[in-house]
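In structure tokens below, several structures.
Look for chain A in each of the two complexes below; its partner is chain B in the first and chain C in the second.
After this line comes the complex of A and B, so read on.
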């Protein structure tokens, strides 16, 4: 096997559409335009344009899935899965990684300037759904001249986007790889999101979303992120990583960060606010809560599908438990759709989709190869 | 073809080309991938072992990772031409449920199992007073994955009781099929069954 290496330097690109007079209609009935999507591409599109794979990211992710930006020492968020010889092999496939609308990483979102007012949208930004995010991405795929994607793959919210791609544009994809995800947000998932949103909105600096140009609502967003991080780990992984280890030798008997786990969460929270917009957090979590492809909504068109699925779950993931992935599989089976399901016995919790590289590589690599060879 | 096991060869011969096949407890997918290659079947497997799942995916097979009971639910009626339950029935807890589901989603079901009434088993139990260990049942009482033990007669009675129609029966010796006093001399049996 060829040595696995990194893609090296990559570049963020932008695509703008829905310009004047041609705004995009959103699920809420509102309209949005112009829309910019940030994206990256890796590898080469073949002549027949049959080797394109769309990578879709999770809640706090972005278009920078692999490789390095000039001068950076940290690669993209799924660099261990995307690159030459890796699961998403850039020697074979043309990989597109797209940001979502509502985000804050180069795509149109609440921090963007509203062309009608000349000021940032704030919470005047229209409510968006997972289907709207996918609709925007479809415009990008059209622009890139790709008729049918070999696959759409992603974990967590990325998995929802992948499932939505199938529900919205089944004729545009050969296969779907939803990882650590669900057909719909459960009350528990909505509850965690709502606590996160309330933390942001309770921050005095939030100012009903009009904080642009002033101090950012950092405390609220940091707390939201801290809660998030707890749900991404497992009891076991936290025990292994932190146990009851202390930062200093003894208890401080003050409200300081005595425990390593406290320090970790604070660090994660503080880092997150540097790179993420609080309003985007509100919009994107709301979009995830609205997501519901249960009850046949995964198959809006009553027809036969030749799409193949690889559904992956992780045993210790209690945020998106394996039963939710099995529910996806059950729906697909009921419609005679070709599906493979694997429950990887990881102890990392929800984070496993970013960490369990070896197992996922074995599955994804061969699944893609089989899909590619059968088209 | 020559290097696959006798029971797999028999199952291979039963299955019509181009049919839809579900293998319950498909292992590393050897039989299924052979059926895909040679008989162009549309294959699906269910397997509990994690490593076996990776091996199946590497062979290009579609598989469900889980136990047979949970993997069976959700399929529409008659959506497979054949459901294979080879050497896995003994390990299943809810046999009646699994058999009923297999017969519901498969037009025909292929059941393969080891014969507990094989003559050496009888000898061991009768003369040594010890739980049988045979070539087809090589485990000790404490480490066997099997939770059910049955003979060829037992399974025939079960089919009679549950209104299951037996279409074909194969009795397997060490290297070839046999017909002489099967309940005494067959190590394994394969039944092709359907609903009455």
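After this line comes the complex of A and C, so read on.
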């Protein structure tokens, strides 16, 4: 049985650029090309091309934000927010969901073949930053013929991408919706990422990134993902979901899965390695750690901005705590930028951006309409 | 240069029991023996044997709580709290610091030789619980000829041991000082432990626990410890200590240590594997996860208790949040037990029990004196 999604079947598309010898310059000074971006679109672009919204995903996300792939029973990761009548209303807006470079979901990344060697890049892939990801996405928006996006929206790393869109190309966007995100990673966030990376690199199967065609560093990546999952939930939501419930009637007094929460984490870890490339995990977390739009970096140009912001945080999110969203708001206010801030009293922790549909729908719908009517 | 410690040189001692065929029955139903406990003592036992205090340690702690070993420049882990004139005043009290079974610091644990096979136990060591650890410690207290301890005190797992002393042997203690601890592990706490265990077990060098005499599962244990260290600090204390400070002048754009916090974690992880046995890490975290004195388990006997409690929590401790200490207090109050609760407004996170000397000293000193004067 398919979950209800009014978008129906969708298709992953690909756009390639920086080819024919014209590589893209990265923030590190290295060059990358050709570059392929995987993306999806939902709804219709209007004649004036003023109704396009870019959706940007989180660390382990991809371009498949909504609708179903043929034969699949599960829709895209933000299907509850994108579709006819939904927050990102496909009856009104043309939604573009773009994957990031460095990823492993159809876009150029460490698993791609290096044209110079004929072999997968591995960690020979150049280090990429959030700004590089956005620069690549801008090429996609150019290609789609859109001069100015109505909005860029995303949660977690998606929120960083949205903020970077503003920092890099403010003239190309009317509004930004950064959700459960930050201007920069705190040392705690860097620390969690670093432990995840160490877990991957500690796996002998990682082979300095040259594991393609061999056994994958599954156990290391699973551990990294397990750490991630703890940080995505809140103490309260874990208590509600698992409490101290046991898998069996009593303690095994063995090193096996006693508690349901252990089984859940192992399942999530094991599942993740089937769908995600370990090297991409390294590259993308590093990009997030490097990201820093604090200290005026959000405003590289000395000008007056007419971009509007809707900043959303979640009370129980301890990975990207509300104070980080409040710092974004403070920065924007200091430049007299139109910003609405909302802290949703959710208990879901960081995952709330994927789960708190009702509140987010109300906020996003209203914000987009106001933005659309103002242009 | 030695750090200042008025205790001077101390010596690790050993006590062996459950030998000559008389094994100790464990909670799992298995038996263990002979059992050796490593311990230290500071100060002098008075003639009436009424001034003895038992100090119990945390997950990675040991019997070396105070003073210096010959030639060492660093004192025991709670040296700032134990010594002449300190919180646990060795001029007044006789302090016993006992290691736990399952550990790797001189007490019987998975690295010990199984007398039945002549080889190290490995994960053939029976699963132990906090109650088993306490039962073993009670044998030590018997051996030392102490009928009733003035107090049992400890932080983190030490707090669990202290609570378990009350649940198991209330007639043997006048008071309990559980610090930064809980009646039971929440699913989040279990989850962090489980990820640490998975990191160890994912290391191929772990060899199902049979790595003694070979390479140790260093990288897995280092990852486990890195996770631990994040949970021991607070977001704020990490910000204060590291912020986004870099090791070099700028980003390396490589997979190396860019941020100081990364270097710190790697250092802590690498250091830990030199001094701790991976199997002990598995056993002790499992014991903590099994621990559950909620739902009336704190009071197995239907009687009136005259034990006093001093319960201490730290505001920024998110691993053992204050609400867990408050649950202890609530349970005690429901049985009309004399309990003082103090939440110290520390920013150090869980580590505060090792660092907030001034506040703890004030509280502990007064509490011990009051208890001592009441007996």
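In the analysis below, the second predicted complex is superposed on the first by the 370 of 375 C-alpha atoms of A that agree within 3 Å, B and C clash if a C-alpha of one lies under 4 Å from a C-alpha of the other, contacts with A are read in each partner's own complex, and residues count from 1 in each chain.
The working rule: a residue touches a chain if its C-beta (ideal position, glycine included) is under 8 Å from a C-beta of that chain, and two chains touch if they have at least 3 such contacts.
Keep in mind that what you see is a predicted model, and the values were worked out from it rather than measured.
Peer 1: Do chain B and chain C fit side by side on chain A after the overlay, or clash?
Peer 2: Verdict on chain A: chain B and chain C fit.
Peer 1: Look at A:195 in the shared chain and tell me whether it touches chain B only, chain C only, both, or neither; answer first, second, both or neither.
Peer 2: second
Peer 1: Return first, second, both or neither, reflecting whether A:262 touches chain B, chain C, both chains, or no partner chain.
Peer 2: Touch status of A:262: second partner only.
Peer 1: Determine, under the contact definition given at the top, whether A:12 touches first (chain B), second (chain C), both, or neither.
Peer 2: A:12 contacts neither chain B nor chain C.
Peer 1: Which partner does A:357 reach: the first (chain B), the second (chain C), both, or neither?
Peer 2: Touch partners of A:357: none, neither chain B nor chain C.
Peer 1: Determine, under the contact definition given at the top, whether A:342 touches first (chain B), second (chain C), both, or neither.
Peer 2: first
Peer 1: Please provide the least distance in Å between a C-alpha atom of chain B and a C-alpha atom of chain C in the combined superposition.
Peer 2: 19
Peer 1: Which residues, counting only chain A, touch chain B once they are in their complex?
Peer 2: Those in contact with chain B are residues 308, 310, 326, 329-331, 333-334, 336, 338-345, 359, 362-363, 366-367, 369-370, 373.
Peer 1: Mind listing the chain B positions that touch chain A in their complex?
Peer 2: That would be residues 44, 50, 53-54, 57-58, 60-66, 70, 73-76, 79 of chain B.
Peer 1: For chain C, which residues are in contact with chain A within the complex?
Peer 2: Those residues of chain C that touch chain A are 27-30, 123, 126-127, 184-188, 190-192, 194-195, 197-199, 201-204, 219-220, 222-223, 226-227, 229-230, 233, 235, 238-239, 241-244, 251, 253-255, 258-262, 265-266, 269, 282, 286, 289-290, 292, 318, 321.
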